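Before we start, here is the structure in question, set down as structure tokens.
Chain nomenclature is as follows: A, B, C and D, assigned in order of appearance, with residue numbering initiated at 1 for each chain independently.
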Amino acid sequence: MNTLALFNPFSGRRLAFLGLVWLGFILICALAAPLLAPFDPLAIAPVDRLSEPGGSYWFGTDNFGRDTLSRCIYGARMALIIGLGTVAVSLTAGSLIGMLSAYFTRLGHVLMRVIDVLMAFPALLLALVLMTLLERSVANTIIVIGIVYTTTTARILFGMTLKLKNEVFVEAAVCSGAGHCSVLFRHILPNLISPLLVQASFIFAFAQLQAAALDFLGLGLPPEIPSWGNMLSESRIYVTRAPWLLIFPGILIIFSVFSMNLVGDALRDSIDPRFKDDIAGV
Amino acid sequence: MALLEVRNLCIAVGSGGALLPVVEDVSFTVEAGRTLGIVGESGCGKSLTSLAIMGLLEGSQVRITGGEIRFAGRELTKLPAAERRAIMGDQMAMIFQEPMTSLNPVYRIGDQIVEVLRQHRSMSRRDALVRAAELLALVRIPGPAERLKSYPHQLSGGMRQRVMIAMAIACDPSLLIADEPTTALDVTVQAQILDLLADLQARTGMAVVLISHDLGVIAETCQTIAVMYRGRIVESASAAGLFAAPRHPYTSGLMASIPDADADCETLPAIAGRVPRIDERIGGCAFHPRCPRAASRCAIEPPATATYPEDHVVLCHFPEEAAP
Amino acid sequence: MKISLWWKSAMAGCAALLLANSAWADGTLRYATVGEPPSLDQHVVTSDLATTIAHHMFEGLYTFNSANAPVGLLAAGEKLEDDGKTIVISLRKGVTFHNGQEMVAEDVLASLNRWGEHGSRGGLLYSNVTSIEASGDHEITIKLKAPFGPWKNLLAFINGGPAIYPASVAAAAGKEPIAPEDYIGTGPYKFGEWKANRHVELVRHDDYASIEAAPDGYAGARTAHFDKIRFIPVPDVGTRVSGLKAGDYDYAESIPGDLFADLDADPNVKTILNGGPIFGLIFMNSKEGPLKENFALRRAIQAALDKVPALQVSIGPEKLWRANGSFLPEGNVWYSDAGADNFSRGDTDGAKEMAAKAGYQGEPIKFMVSTNYAFHYDQAVVFTKQLAQAGFNIDLQVYDWATLIKKRAQPDQWDLFFTHHGFVPDPILISVMNDNYPGWWATAEKAGLKAKFTGTADEAERQKIWSQIQTAIYEQVPTMKTGDVYTYNIASPKLSGLASSTLIWPHFWNVDN
Amino acid sequence: MLAYAIKRIFVLIPTLLAASLLVFVFIHLIPGDPAAVLLGDTATPEEVAQLTREMGLDKPLYTQFVLWLGNFLQGDLGTSIFFQEPVLSVIADGAETSILLAVMTMFWIVIFGVPIGVVSATRHGTWIDQLSSGGAMFAASIPTFWLGLYLILIFSVTLGWLPSSGFPSLSDEGGLTNLRYLLLPSLTLAAPNAALIIRLVRASMLDVQREDHVRTARAKGLHPLRVAYAHVFRNALIAVAAAFGFTFAALVSEAVVTETVFSLPGVGRLVVQSILRRDYPVIQGVILVIVILYMITNLLVDLAYAWLDPRVSLK
């Protein structure tokens, strides 16, 4: 496939294209954080605490005297890790469960019941209980949010695989003696790649909000990690005293989630119409 | 005066700022009580023409760019929307190709018939229901009173098309437009529906515009026939005249495509080539790439109309002069 | 269409709600608390929040005046006999409980006995008591094994202290906290209702028998001006601040230091400093792990810490903290600088050397801290950095408070943990003096000093011994004080009668709006 | 329909059992000791151990589960460790706030979400459509607590129009006017969810608009508003009804954050506080109640489906 084809959904969608540009900018921040950040995001400078934006601190400093700009840049890295991690966990687990359930009917009966039970738990509550159970860490946050979105992904993949299972090309593959693995992963899965990509973009976006909510409730990433959610959570008392501590990370979260949603929306319009209704998005 | 008179109708679809003509210079008349058949392959503009007459193009990407549509002496294209709506469903009604999807799945069919009755006639709901049952009886639906309570999904395709017809004739229209009314149905049901339409027409004296890609269907029911190709009427004549002596090569091709029950040939001498896309530009005569008799002139110069006796009109550089 | 109707009704609804004036009766004081107390039973619960609420309802025999000296409240006076081994306390007459009964010696006896047996701090006194009896309708006689210095402070300290309940309540209650319907005391307010998750409400006790003396600290006359006091849990500190500013609360507790300057300058907010500072404590594990009995290593850790940046970072304005090594604040009778030159050395190189000498080879040291208290976490972050610079391998483990207090009871789970301590009038009440408190400091030196400390009633002598104990704490380092923090509360300027500072817990008798 | 509902409820029981087992196991795996939290900082290990025994928390997990399940089947969710009150009454106290908050939020979602979605669909492709669907997506991208903080700052602290936090019961002084305490929280909670509904209403109306039966309706000569309302919107409602069900369930969960920001005495904040206090019976109770609520919502959505769409038959 032509790589340029990936950009087709963005022709004529100026806003979605801007979203793509913003995400590219965030990606650069994340990858080149040590080069871009003017300060160590963890360096404490009690003398400079709560400095206003300006001078050598473009975005001001927090109550530890840590540079907000540097923390925002490193926060991009954390956003990327959380987003990609959640996508990896939920798509891998979700598509495996969904595809196997649709393909092996009996197994599916059991697995989808389990998914039903999990789906009965409200997402944030499930995440809360799981987070209290585990320790606060990056990996655990990713796993917990991943589990939440595994259920929805499994549901979606279940439906889509069922649709494909009865297609001619699948029957042809079965008739020609292809094994279960081959049918599932070489014939069915390739057809689901583009809807999965769309689903991934929405999960990426929602994972940011979920992680921020967990950080806010004090049950997300460890507090010493510079993430946008932690920055907001720690600084909420400074809403009038040091507003820059809430405004900069807040804008970063909002714009990144918004961009990711725009991109997902644009991608969705370009996928196989059979699957369009399966993916909810925003 | 003719009931419906279409003069030089032009329709274009707006795509990306530019207007793309899809129906050009179409003219025909329909007398009260008579049946006009419009025939052509899909995409030739016959359905758009019918929607334009009905007034259903509004709000879509497609619009009328020229010409006039006179109905019972009124120029429809210039009427305000409200007056236009007063005609729709009342003096002029339409049935569609897909009986499966043309009824709203969430309402009982009784309610759907009542809706049109109450829109145009000041009737109580109760009276309207009585009338709806009569209409169902008229379209030969058994047990009409009970059927009123049915939902569309509980009926077969043929039944649903009957309901559509009942809805269309509810207000005694003087013109019924039937856009491929039988295409989606079984052959046996097709015949019943055509039969029903003819019967109703005889009873009520309404005029019918029947649109189809199937010359066979047209041949059975119409007094006059217009053949459309790529947005233009390429030939029009009385049914007898047309079948006796098709003069446009496209018409001949269509006729040759009618399966003949007596012939035992395996293949149909269908028209060569494919229907061109609407955004393809074709100079000269639009049919020349597929025309067996095309000459170099056809690719350059658009043909002019040639008129033969008995209002037989042909749009071709080399019309067939006599019956083969 | 219908939409316009929806809009109209929505707008009308909004307008109605906006225009509705604050429907609150002026007679209610609304107090935004940090959370909900586990119980208001003063005998068994030591939560500061519980006392803030409960000391409006329950009273002890003594209380503290503004100089933190114990003075009579339900006690009219006392006589010491037998070299201080017999204490005869006479009770005030005409004091009625909220249930209408008069308070008599029998009630006091039952309350003291329950406190002595089950109360959080009762054991301290009762381990020295040989007998206690009602020697008259309004007289109690306590006989001690030996003269016991802190008796009056212990009786006056209502937090985990001997509140006086009716005999029927005190006798029926065992170890379990008494139920809200049995909250019957003698205070100016009585129990109204406790709606879980919503509020605790006190209502004025109209038959309150007040002392006729000028108010002085908690002592003196108490007049209830409000019809009701409502303690509303508002765990989010930002919400407490904006709620007070917006007029939804009249008083809000535990406000972050960084907001002090702004709030102090805000004419719509009154700031009230807490007179008794709280202080952070980092306990060391004396039972297990690398720090067990390795006093040299402990001193190395102590030497590495510079408390000033931690206080700056966690509290902010200098007015609100003191890098003070004495366990009790300056101006207090227990103030002592013994050993305090080791309080905040911040000597990275010296610490490195000391650690090497103590045989430290980079073993991981587990440091537990909770995020439930922002200043714990903030200070711990600074200390972890300082210790790392001095070559210590600190494993900072961040938990929520519930997990931390479960883990700290297990000696194999930790080496250091962070907590804080409220102001106490007598050093014997400081947690490190309790051998069973996690950390389990129970060396022979401590035992000897502690016995001497409680064995005398001579204040000057006791103060001298306390200095020696403090020196021992800086030598053996069972815990490290991180500095005094003066917390503050905020109030609506409409409230009159509030002092510019509180002793320990805010009180709302003699306050009006 | 009633028979179907009853049958569905029976089918729910195994799911509910599985869910309750899951909750029970999860919650008891959480480190932290309720007895220690309850007794406070000065408690000795012996006291903690004794209280643990008294509360039955030292028994094997399966015994605790069986006991708890037995009580649960009798409608007894146990006693709150922290409040020493029946869990059911603790939850009932919080339910007033949570239900009112959810209802008020749904009100905003309907008031804002549906009309804007309808206008967006009927003006498909115009700047109104782009503004409202883009705006909706933007609203859904704002973290709720961030939005809440600023709403408090603007409308309570600066303008002084609305109370910032808390919610006195409707039975308290002030009566119905106490609802204004829920205005900001419900708007905060409604923002992302209304956005979802806007986009959903718009998308399903556009889908329906393309359907043949809408053309039939127009051919009847009906007024465009009548077509939009009785034919397009009515049919689009089928897809929207499902979303309303899920939105309502999501609200209860998302309310955790909103109730914390606005310090509302609701079930959401109760659950967070109970997790911090390790008040197992309350956590279990709340989660189970919410799970049951979710299942009932699902059932109601299915019934609504059948009611809205005659093609759906209840089996």
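Rule of thumb we're sticking to: a residue touches a chain if its C-beta (ideal position, glycine included) is under 8 Å from a C-beta of that chain, and two chains touch if they have at least 3 such contacts.
The structure displayed is predicted, hence computed values, not measured ones.
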Count of contact steps on the shortest path from subunit A to subunit D: 1
Innermost chain, taking as reference the mean of every protein Cα atom displayed: D
Greatest separation from subunit D - chain, by CA centre: B
Intercentroid distance (Cα basis), subunit C paired with subunit B, Å: 90
Mean-CA-position distance for subunit B and subunit A (Å): 53
Rounded Å distance, subunit C centre to subunit D centre (Cα mean): 38
Two or more partner chains touched - positions in subunit A: 132, 219, 236, 239-240
Where subunit C touches two or more other chains at once, by residue number: 236, 238, 242, 372, 399-400
All chain pairs that touch each other: A-C, A-D, B-D, C-D
Subunit C residues touching subunit A - in the complex, by the definition given at the top: 236-238, 241-242, 256, 258-259, 262, 309, 312-314, 316, 371-372, 377-378, 381-382, 385, 396, 398-400
For the subunit D and subunit C complex, residues of the former touching the latter: 31-34, 36-38, 40-45, 48, 80, 82-85, 89-90, 93-94, 107, 110-111, 115, 118, 149, 152-153, 156-157, 160-166, 169, 173-175, 177-180, 183, 225, 229, 260-263, 265-266, 269-270, 273, 276-278
Residue numbers on subunit D that touch subunit A, as the complex places them: 15, 18-19, 22-23, 26-27, 29-30, 134, 136-138, 140-146, 149-150, 153, 157, 195-196, 199, 249-250, 252-254, 256-257, 260, 271-272, 275, 283, 287, 290-291, 294-295
In the complex with subunit D, residue positions of subunit A that touch it: 15, 113-114, 116-117, 120-125, 128-130, 132-133, 205, 209, 212-213, 216-217, 219, 229, 232, 236, 239-240, 246, 250, 253-255, 257-258, 261-262, 265, 282
Touch list for subunit D against partner subunit B, complex: 211-213, 215-224, 230-231, 234-235, 238, 308-311
